[in-house]
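Letters A, B, C, D, E and F mark the chains in the order given here, with residues in each chain numbered from 1 onward.
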Amino acid sequence: MKVCRRETFNAAHRLFKEGWSDEKNEEVFGKCSNPNYHGHNYVLETWVEGPIDPETGYVIDLKKLKELVRGEVTDRFDHANLNLDCPEFKNINPTCENIALVIWNILRVKLDEKYKLTVRLWETENNVSEYSGE
Amino acid sequence: MKVCRRETFNAAHRLFKEGWSDEKNEEVFGKCSNPNYHGHNYVLETWVEGPIDPETGYVIDLKKLKELVRGEVTDRFDHANLNLDCPEFKNINPTCENIALVIWNILRVKLDEKYKLTVRLWETENNVSEYSGE
Amino acid sequence: MKVCRRETFNAAHRLFKEGWSDEKNEEVFGKCSNPNYHGHNYVLETWVEGPIDPETGYVIDLKKLKELVRGEVTDRFDHANLNLDCPEFKNINPTCENIALVIWNILRVKLDEKYKLTVRLWETENNVSEYSGE
Amino acid sequence: MKVCRRETFNAAHRLFKEGWSDEKNEEVFGKCSNPNYHGHNYVLETWVEGPIDPETGYVIDLKKLKELVRGEVTDRFDHANLNLDCPEFKNINPTCENIALVIWNILRVKLDEKYKLTVRLWETENNVSEYSGE
Amino acid sequence: MKVCRRETFNAAHRLFKEGWSDEKNEEVFGKCSNPNYHGHNYVLETWVEGPIDPETGYVIDLKKLKELVRGEVTDRFDHANLNLDCPEFKNINPTCENIALVIWNILRVKLDEKYKLTVRLWETENNVSEYSGE
Amino acid sequence: MKVCRRETFNAAHRLFKEGWSDEKNEEVFGKCSNPNYHGHNYVLETWVEGPIDPETGYVIDLKKLKELVRGEVTDRFDHANLNLDCPEFKNINPTCENIALVIWNILRVKLDEKYKLTVRLWETENNVSEYSGE
């Protein structure tokens, strides 16, 4: 049985690889590499898989999952500049894939090992990434 | 190949474990345990996986899947109080997980064994459950 | 200039006119009159019209509008039974129209008179009401 | 890691099996078999699974995936009659399943073998198919 | 007080002005003029404005509005070719605007004069028309 | 008759009033005033009202409206930092209201006077502004 909590955060970012020239960055990342940043309304789906607790009928209390996701991720990333304000992206390019990976890593260590975790991240209504930890 | 039919039903429910005091129920289930009930517009996705019939190009006729889902599930659950009107929840707490499980069990026995069945249930735009049979 | 804040609440209700027999109620309101209640995920759009404040660039601070809508309306209606838990509907049938009207009346007296107020309420993805004051 | 690009196309089609009489076609396919065609706003999700490129942080450049999907699929299918204008459906009934299958086959040969490919196709807001190549 | 019922229909159409050459039609209407037709999932919002009936709390019974819209419009237009199957478009180009106008005219004569009627028609998620009578 | 074209752009911004201290800015604008910016997927609805052209059945050719909106607005604002990259906001705080106002002013002078113009701008799924010219 899987359950999911959907949360959102609004952040600025810039795709940029250190060590590459600005020209090379623009060639690879196009307008996503604008030095002044652009931004998105990210939609984050956190999927947790495990057995139903026969006492409560819950896989996990979604209120607690909500608090976990907000406390560890969206409260920190919301209204932030991912490149500048979030140390997780100091050395990692904040692509849709890497943001999902970073979030998965943050949540994985906070979740009981009995759960399987999948993170799905919508950057726009057309671009999505999903990570389950290989 | 998988296909899915999306249907909706609007129902009242209350999270509640018999044998627990009202205080214990409220402690665990919060305002979801309101004795006067609250409700949701549930969105039910029924996914069926199987081979394409070379005659028709269908995995399953989605009109027939629609009729099955309506006849067995949504016509009965729609505008109902899950706790009081639906015998399936007499002894089962109608959490998002348990409703998905109950629906899966109802549909599983009505579907040809050659199909794999997955039920996804949106309780709100933020809370979802999904069940595929263990 | 108009601005809108969208909020949600999940509630149970029953359409029912006191003084009518159960048969008459069912004849008029159909399954919406189920004595055990059913429920919805209501989506509430609160539209406020007025001039832009040249200092802030706001018609109204949407954070404050959010707090107003939550404090006066959705925190009280969420996870409630509108018929039983909300005194506003003691003598008023909680149709989609009447809920919008009640919400408009609650918010109208809390908003500065310089603003024009419109309330739009989605009961389901298919049924909506909207009220702007006569 | 998976990524997805969502694109749309608007097309006419008719469900129809050659060799069957019009009566038989209507019996099986109902109004979907209307000889004058009907149509849909198809929503196509193209999911690509593979490792993150450590240089770019991309599984695949979603701009390039967008260009691939448009160039090979949606530019050709958009504003087309699938039965008459698209040779792929000359001998294949354009059901939601078969359209997903055809699109998967078109894209599979254009994508590097290192990627796993899944195609999800929404025919309406209620009917969907998904294919990952058995 | 306004209320709205949302319904959908899936239809084929072609933009085409009789008396113009195929070249002229294509010049003006582009690929929307494909002689083999294309199609859409139309979303129709029918808005009715009037006083609340103090007996029922309804502006209009939305179940009856649903039946009216289905009986007069969507049952006939669904899975149809607007140009060929619907006499309303024999001499009228089925643009998004004209379809809204035709639907408004159909519904206007069936609705009590005390109601103000507005029809909003989504042709795609990006293109919409709205008509309220001159 | 009204028609609408929906377009999107993804941009960074910061709410900030020149002449106010950082403390004052944060007091009024909260985390929207983050000096490193944050961002949104803006959804822009451009509504144009006018008579139907009897030749074409169009109020305005939505392809041309699309090109106008993209050419004058979304191509310039997309993947931009509104505060730094767009001269329109040099002296105007880019609130949801002011962005709608700026867009309205840009489009108004490009549209034939016979049309009434309304701009609706979704900053998030919960915050919207709308401007029709006083």
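Here are a few things to note about the model shown:
By our rule, contacts are C-beta pairs under 8 Å (C-beta built on N, C-alpha and C of every residue); 3 or more make two chains touch, one makes a residue touch a chain.
Remember, it's a predicted structure, so these values are computed and weren't measured experimentally.
C-beta contact counts were set side by side for B-D and A-F; A-F has more. Taking the mean Cα position of each chain as its centre, E sits at the greatest distance from chain A. Centroids built from CA atoms put chain E at 34 Å from chain B.
Per-chain CA centroids place chain C at a distance of 29 Å from chain F. Centroids built from CA atoms put chain E at 41 Å from chain A. Residue positions 125 of chain A each touch two or more of the other chains.
Every pair of chains in contact is given here: A-B, A-D, A-F, B-C, B-D, C-E, C-F, D-E, E-F. Interface of chain A with chain B (complex): residues 1-7, 47, 52, 55-59, 62-63, 66.
On the side of chain F, the complex with chain A involves touching residues 8, 10-13, 31-32, 34, 36-41, 78-81, 84-85, 124-125.
Listing the residues of chain F that touch chain C in their complex gives 15, 17, 28-30, 92-98, 100-101, 125-131.
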